[in-house]
Each structure stands twice: as structure tokens, then as C-alpha cells.
Amino acid sequence: MTSATHGYLGPAGTFTHQALLTLGDLPGEAVPYPSVPAALHAVRSGEVSAVLVPIENSVEGGVSATLDALTHGDPLQITREVVIPVQFDLYVRPGTELSQVRSVVSHPHAIAQCREWLDAHLPDAVVTEGGSTAAAAVVVADPASGFDAAICAPVAGAAQGLVAAATSIADNASAETRFVLVARPGPLPPRTGADKTTLVAFLRIDRSGALLEILEQFAGRGVNLCRIESRPTRTTLGHYCFSIDAEGHLDDARLAEAVMGLHRVCSEVVFLGSYPRADGASPTVAEGQSDADYTEAAAWLAGLRRPDRS
Amino acid sequence: MTSATHGYLGPAGTFTHQALLTLGDLPGEAVPYPSVPAALHAVRSGEVSAVLVPIENSVEGGVSATLDALTHGDPLQITREVVIPVQFDLYVRPGTELSQVRSVVSHPHAIAQCREWLDAHLPDAVVTEGGSTAAAAVVVADPASGFDAAICAPVAGAAQGLVAAATSIADNASAETRFVLVARPGPLPPRTGADKTTLVAFLRIDRSGALLEILEQFAGRGVNLCRIESRPTRTTLGHYCFSIDAEGHLDDARLAEAVMGLHRVCSEVVFLGSYPRADGASPTVAEGQSDADYTEAAAWLAGLRRPDRS
Amino acid sequence: MTSATHGYLGPAGTFTHQALLTLGDLPGEAVPYPSVPAALHAVRSGEVSAVLVPIENSVEGGVSATLDALTHGDPLQITREVVIPVQFDLYVRPGTELSQVRSVVSHPHAIAQCREWLDAHLPDAVVTEGGSTAAAAVVVADPASGFDAAICAPVAGAAQGLVAAATSIADNASAETRFVLVARPGPLPPRTGADKTTLVAFLRIDRSGALLEILEQFAGRGVNLCRIESRPTRTTLGHYCFSIDAEGHLDDARLAEAVMGLHRVCSEVVFLGSYPRADGASPTVAEGQSDADYTEAAAWLAGLRRPDRS
Amino acid sequence: MTSATHGYLGPAGTFTHQALLTLGDLPGEAVPYPSVPAALHAVRSGEVSAVLVPIENSVEGGVSATLDALTHGDPLQITREVVIPVQFDLYVRPGTELSQVRSVVSHPHAIAQCREWLDAHLPDAVVTEGGSTAAAAVVVADPASGFDAAICAPVAGAAQGLVAAATSIADNASAETRFVLVARPGPLPPRTGADKTTLVAFLRIDRSGALLEILEQFAGRGVNLCRIESRPTRTTLGHYCFSIDAEGHLDDARLAEAVMGLHRVCSEVVFLGSYPRADGASPTVAEGQSDADYTEAAAWLAGLRRPDRS
């Protein structure tokens, strides 16, 4: 039932594809999927063993489709992360000058990230939102499309025989996107000492101060958070769950206790994996919060409870 | 320079337009704008005095474009909010049967909210993302467009002479969207006792536990939060600001002190207005946190400091 | 080595003696000790198996001698508590009228608790502090002592052949004192559901906010405190340890985790026992903090860590 | 009505007297009072303008009589503090050898602080508690008293013609005691930048987590505490108030706001003064908590509330 192949958010030529290529050791052929839900469905159904999807962009923020599709549905597990710089160029058909560009097409996030450049250099162009940056290149390659230019990655533009009319047009030169490799639940990747744990915490609705209580589960054990984002629970306005990346591995005692604490005070906790950090940064462990401190405290407690202590 | 007219996120026929019509007392003609940044730019430049834009959807979450465009740029102020239920129908050209639909077009959020219905009733249809639900109706009205159906609001479908092939197709029947009326800074709307205050808090980067510290500014004064969402600061991954709706008005003493506290511990606070809540819900004021309590405490302090006390 | 006898803070006729008599089931003869340190030394050395000492008075506060002698030295364990009302009478030799009383002797705490009565009824009497209320009665019984009256318990006055010149003279009619029965460490008394745990937490000196951190160990697990008192660590001014009574038994999961947390963040924790509450009051267990909640969270964690989960 | 004279906890020769002598600039004759309540009563009644009383000892802890007498009754104000090392000698009549000492008398605190020395060097001596160390020297000076030795300060022993049989006999060589000069309410001593503020906070009885809430009033504004001690409220067991020394002056904005916060969340706050610290240590002011930060935040808030802002 399970195949050895893997997939990614396509089409070929997107930044996700580019990120996938940096994971050199994945076996076999990669399958592009048209959307994040489709990619995660392929993992859940066993069609592929893992898929790479974007989860966060330094300019646009969390990728809602990914956060929600990871949260709702059969359990999934993040096993790796990869972060790559994101840069955009303006691709046109050979022969088109920048000054001739009257219409531009791209993915809404790409458009948003190049907004200032577009306002400065193509103030009169009509800008249309399309499904992906790679699809935009495909559209522009067709002279009958009515579109003069696509904002896309070099790999996508080149693949369609387009040429760059402008390069590095994103407003923020250091933008980067983070991608996660998602599989069905299995053994956790071993602890490396520089790990990250992703989970989703649903607040008890009738509990005021519930978010503070969640943060205190981590803070009280010296666990820092790398990311926290609210997402609606899809019921009514004002009900949220929180998607969280915490420093550390589920095999770290402090994180394990924090996660059990969350489990007790939340209406639901969805665990989405512990995996090595892309940046390799090890956390500073606060005094009293190392594994040795937890082991020692448990031994002390056991001694106090021993019926024959004297 | 300032005109009396106002605008909204267009085109005509979107839910924003529908929400605008519920604000019956706005004078003059409303101008549709093609994007949230364009609408807010029109206010900032003085082209219109106010615009209505969506800020939050119970299914899709915060509208990132709105949150970011409010945060960055010249100061703006929210003066009203309105919440309306969001329901979608599937509109086709007269004569098209549901069973004949092979291609569907709509805004990505609308598609996302109707995903289950689409999977169940049109599993083989090609679904294309377009710029708005109203634009989708325009496209479908053209038989040469190649699209058979649009997911849109009734007002948009009817305006294009389309007919409903299916109604109430959103997966969540109680979905609603919240809109805010945005103007340039001016006098705050008077306190009603059932108010909301919106602001954006930027964390000090070098301060661990900064989010906890922000929440405590509110919790310590008995101020509940209605909404909190992280947004990237647009620099590097892992740096966030928090968009917050807090219960109460800037003229409430507890909220004023909390907001001053934020101002001291954050690197920046963007105040976006105090305005009446759409749901008219009054907060429960915790013991010791009423205006009278603050006034009394200040008088007591003044007495202690009086040079001639005896 | 260990004898079956027990002791108490003497001499006979003190409130401690009176409290001891309410513990009807203690076997053998009770030995009075002249001071709390002497009584606790008798337990530590094995001279007696247990002693009853006062730990807290509703008017005078914690009994420092007891708190300190429990904290410093070989480990001890509280196994029972008893609370009795404390009332004082003014005892004189037969024939002495109240109006003739020119000098009064008693224990400093007794004097303090009758201060208002003394000021009102014997404003001109010389009041001298002695070692105990029972000793005061002994002194007054001797006409050569120069003392006219003793403030003491009825049992002590009667034992010396004195008569009451005034009764119920304490300023606070509902004063009570709490006593604890102290033994060497052994099996904990079984959990009753209405228990109390006593411990002493030493702050890390170099840790600002250390007291807050201690309180959060309890608050974060829904454990209420019945009593908290600072005591100097006997080094320099400004260094404190905290003597704490917490609701619950060491066999309660929430208390056990709180106590392990204390052990990790404090420089030292002295555990002084879990035992039934004298008032039989059961705590309200907060949502998510029952033993079942802890067990369930641990099982959930184990499932997440299982290498073969799928 | 008010005299220029001042007083202290007598008799002459106590450590309080010794501490008083270090306050060289007090005018006129100092009056010794037999007890702390008597001394504070003399201030309240206008008999003297100020008295010096001990408030805290590094070994014995807070002086309950002082804490309670400051808290209950007409308002008082601490205007200065002084800390002196406390050392004890064993004084005997000339001709008595240490080996001949069979009975010792002293104040209970002095006895407690020399307990180890007594156990080691005079294990068989009868030790009796008396009213003060100075009084003990008076008693021993009388050969008919039946007491061989007094534990007291050199000044007291010498004044009675006694000689030291042993010196520096306190178990803790670095013990020190802190004294406060107490007056009726008046202008606060000017802020020096190295100040301390003393107050008593009464918890709302029906408010769980009330102590945590008190600590957060300080912690949330970056105000460190130098001392916190629980005292019974004199009603029933389990009801406490907290005597607190906080870093800073009532004219520091952060302290003022914290104190107003206390006033709101407590059932009562007794302010006991802001005065220069004896050790001259200036606090480290946390980021965002300086007076300038408070002023700036208030100006910012005023700008947001200005009706004509634009």
C-alpha cells in the first residue's frame, strides 16, 4: 500500500520544488501536487510516503493552508525542515522590453512581496493573481494569453523559455521560506540536541486566560517558542487554536512535561513531530531544566515516597 | 483634499460590498478598490475618508493583507466593525445543469470553504483560483470563458444574470466574516461600554518571554483579549509582531494603563482604534479594575505623596 | 534504640499539653520538654518516637523556633496536626482581688494576645515576660515571688491552686493555635483526600523573581497554599527560605510534579511530610489537575514516543 | 503637643540603643521604652517625634511585635533605616570563671543565636529567658539573683561592672539587625535613587492566587522585593497579610504604579514609608521601567486620546 515515492507542492519549478532538491537523499521520483491539501491527502492515503510543503514565509507569515491541513484530518508527522531564501525575477517572452509590460501574473504571495517594486517600476500594469508562480510562467509563455510578464523563480522562467526583464525584485531582499517534510506517524527522528517540536493547542473555550496558561506551560519549564500562530477553529469568530514550534525534542524531559501539561489544560493537543532544526541552533537550557535535573528530582521524589525511608 | 466619499474592497457584489450596505448611514457614493492595499492607500492619500475591508473570517482566519496594510504605513484608525454571515452558492449560466459543470472558478478563500462540497458533488471538476468571487461571476457570465460555474454570493451571481445550481455549499454553515471601517486618525468614537481596541505590538527581539510579558500587561489589569494573531515583521523568520483586539476602550483606565505598559515593554505599538463592538457584549470588569478603582487608587497615592500629610 | 514514648513542649499545663490530650490514641507516657529545639532533639536522637509542638497561632503567626528547628538538622516528618482554640484567664492566689493586681507574668505571646484587656483593666500593672504560661502559674503560686497574677490556661492555674480573677481576656475571642506531631522520617500517612503537605523552599540567591517562580510551581498545577512564611536563612539580611503548607498529599500527581519542580528551581527543598488536615477540608481540584488527568497525559506521551506508532 | 525628643526600644545598653547612637544628628535626649508597642504608642500619641525599633534580624527573622504594631493602629511612617552587626558576649561578675557558670539569662533571641555555643561550652547550664539582654546584665550584677552569666552586648555588660567570660559567642558571626526610625506621617524623605519602600498588603480572602497577584504587581513593573513576610491578620488561621520592602521610592513611577495596583487588588494596603537604603545600593532599572519611560508612555497615550489628532 505504501509506496517509496514522495511528493511536493507543485508544479515543477516552484520554490517548494527547489527546496526539495536540497534534500538530496530522498529516493525515487517526486510527485507534484496541485495544492497543499492534495499533497497531504496523498500522504494520508498512502499514495506517497512523504511530501514537502511550505509552512512559513518571513514576509507573508504562516501558510494557512498547510497549518490547517496538518491540524485537521488523520495524524501526520513532520520529520524534517528546510529553509531557503526566496527571490523573485520578472520573466517575459524574448523580445519584450520592461517598458512594454502592461500585464503581470503571479501567485498572490509573490505579488505581495514585490508590491513596492511593481508600484515603482510598473505603476500602470494590470496585476492578476494566479495559482502559482510556476503556472504564471506557463501562462506567459503563451503569447495568446494576454499576459506580458510573470513574477517567478528563475527555474520556472527558464523552463518555459522566458527571459528575465528584471531580477531580485522582491521588496525584502532577505526573504526566506520554510518547508516541512510530512509523513504518516512513525518513530520520531532521534534527538540531535538542536531540535524543534511542532504542535497545535486548542484552548478550552470556557477558560479565560487560556493562552497565558499555554505559554506558562512552556515558560515554567524553560522552553522557548520559535513560532506561535493563532488559527480559527473553523467554528465561530473568536475561537482559536495555536500552532506552535517549541525548542527541543519530545525526548527532552522539560518538553515532555510541558507537552503533558498542555494535554491536561487544553481541550485538544495535536502533536506534529520533533525533528532537527534547519539552523542547527542548540537551545540554552535554563538552570534546573536539563534532563539530569528532571531525573534527579524524580529520584528524590521516589525516595520521599519509599515506605521504608528512615 | 479630503472628500466625503468612502470606499470598500471591490468589486461590487463581494461580501465586503454586502457588509457596506448594512452601514446605512454612510453618505455619498462608495468606491470599489481592487485590493486591500489599494483601498487603504486611498484613505491614506485622502482620496476617500473611509474604506471597509475584511479583517477576519471564522474559517480562514485573519486577512493577512489587511492586518499588514493597517500595520505598515501612515497611521490609520478603525472606527466601526461589522460582522456578517458568509454563505456561498454555485452560480451557472441559465441552462447549465449541475451535472454538466466541469470547471469552477472563485476566490481561493471561497474555494477553501467549499472544499468538502466540491469533493462530494463535483469531484472531477477543475477548480481555478481567481481574484474575487464577484470577478468569478463576471467571468462565468461569458460563455467563451471556458468556466462553467462560479462560487459567489447571491448578489454577485444575480448581477451577472446567472442562476444558482446549488445553494449554501460552504462546509461550515455558520461561517462569518468581520469587516472594519478604516479612516485617518481622528477623535476616537465615544466609549459605549461595549467596545474593542485594536493594536499591533512588536516584541523586543532580545527579550525572551516577550509574548508572555505582553499578555500579562492585559491579564494583570483584567483585560480580556478577543483576538491575537502573530504576523511576521517582514525581516527574518522567527520575528513576529502581534495583532490584538482587546476588550474595552482607550478611555477605560485599565485598558489605558495596559496600553501604556505595552508601549514601555515593546519595541513599538501601533494603535489602530477603539470602537463599538458589533456584538454589543459588555465585558465583566474584574474586582479592582473599574475606572472608579483606578481613580480611587490615584487619589490615595496623591494623598501619600502630599508634603503636608499628617 | 527507638522508644514507644512521645513528648511535647512542656511544661504540663500548657496549651501544647492540652492539645496532646486530644490525640487520644498515643501510647504510653508523654515527656514534657523545656523548648521546641529540645523536643525535636529528643525525636532526632531517638529518645522518643514523636513530639507535639506548636507551629502557628492565629494571632502571633508562625512559631519561629519550631519552623527553624524543623528546617535545620536531621530530617523530620510531620505526621498529624491538631488545632485548638486558645483562651486565656487571669489567675491569682485565693484572696487576691483583681483591683489589687500590681504585677502580671506570662509568656510573651500570651501577653501580646491580652494586650488590650491589660491596657483597659490593669493599666498600671507591671507586666513581665516569662518562659511559659504554665511556668507563670507556678511562679504566682509562690507568694514570695512578687507576682500577683499569671495569664495562663485554666488547666495550669487550677493545677497550682490559683483562682481566676478574670476569664477570656484575650483580645481576639476566636484565637487558635495549630500543633504538629513530629517524628523521624518513615512511611507517609496514607492519602485521605483532605491532606496537607509541609515543606521549606530555599531560593537560589542569584535568581531574581525566585519567589514568583516558587508560587508558579504550585499555581501552574492548581495547588493552593494554606500558609507561606518567610524565614531568614541565617546568613545575611535579605536571604530567605519559605516555609509552605500546600493543599494535597505527596501521592497526588499534581503535588508531586509541583514538588519536583520546586526541587529543580530551588537551591534546596526540605520535605516535612504529608498528613491529614485537621479541618478535613478537601481541595477543589482544577480542571486537568486530577490524578486521572496526569495518568492520561503520561499515557498519551508514551504513545507519541512509541517507536512503532502508526 | 509634639516634642522634639525621640525614643527607642530600651533599656539603655541594648542593640537598639547602640544603633541609635549611630544616628548622630538626632536632637535632644532619647527616651527608652520598655516594648515596641510602648515605643510606637509614644510616637502615635505625640509624646516623642520618632522612635527607633528593630524590625528584622538576619538570624531570627522579622520582629513580629514591630511588624504588627506598625500595621495596626494610627498611621506611622518609617523615615530612616540603620543596620548594625550584632555580636554577643557572655558576661559574668568579676571572679566568676566560665567553668563555674551554672545558670545563664538573656533575651530569647540572644539565647537562640548562641544555642550552639551554649550546647558546646555550657551543656549543663540552666538557661532562662528574660526580657532583654540589657536587663539580663542588670540581673546578673546582683549576686543574689541566682544567675551566673548574661548573654548581652559589651555596652550592657560593661555598664553593670561585669566582665566577659567569653566573647563573640553567636553561632553566626555575621549576624546583623536592621532598625527603623518611625515617625508620624509627614513629607516623604526626598528620593535618593537608592531607596526602599515599606508597606503591608492585606489579601482579599475570597481571591485564590492573591499572593501571586501581589507579586505580579511588582514583577510586572520591574520592582524587586527586598523582604516579604507573612503575618496573620489576627482573625482566623490561614488569613495573612504581607509585610513588604520593595526597591525604590514612592516618587519612582514604576513603584507608584505598582502600589496603586496593590491598592486596587488588595482589601487594604498600609503604606509605611519610602526612605534611603542603609546599604546605598541602587536598583538596576529594567528596560522600559524608568521614569522617562513612564512619562513617554503617558504622553503617547495623551496623543492618542487627543480629539484633534490627525
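Every chain is named by a letter (A, B, C and D) in the order it is written, and numbering of its residues begins at 1.
The working rule: a contact is a pair of C-beta atoms (placed from the backbone, for glycine too) under 8 Å apart; a residue touches a chain by one contact, two chains touch by 3 or more.
From a predicted model like this one, the values you see are computed outputs, not experimental measurements.
Participant: Among the other chains, which touch chain C and chain D together?
Facilitator: none
Participant: Just give me the whole-number Å value for how far the CA centre of chain B lies from that of chain D.
Facilitator: Between these chains, centre-to-centre, one finds 57 Å.
Participant: Distance-wise, how many Å sit between the C-alpha centres of chain A and chain D, to the nearest whole number?
Facilitator: Roughly 58 Å, centre to centre.
Participant: For chain A versus chain B, what separation do you get between their C-alpha means, in angstrom?
Facilitator: The mean C-alpha positions of chain A and chain B differ by 24 Å.
Participant: Which residues belonging to chain B are in contact with no fewer than two other chains?
Facilitator: Expected reply: 216.
Participant: Please list, in label order, each pair of chains that touches.
Facilitator: In this structure, the chains touch in these pairs: A-B, A-C, B-D, C-D.
Participant: Report the residues of chain B in contact with chain A in the complex, numbered from low to high.
Facilitator: Residue positions touching the partner: 37, 56-62, 64-65, 83, 108, 112, 115, 128-131, 172, 174, 176, 178, 208-209, 211-212, 215-216, 219, 224-232, 234-238, 240.
Participant: Looking at the complex, which residues from chain D come into contact with chain B?
Facilitator: Against chain B, chain D makes touches at 184-188, 204, 207, 216-217, 220, 250-251, 256-257, 259-261, 263-265, 271, 287-289, 293-294, 296-298, 300-301, 304-305, 307-310.
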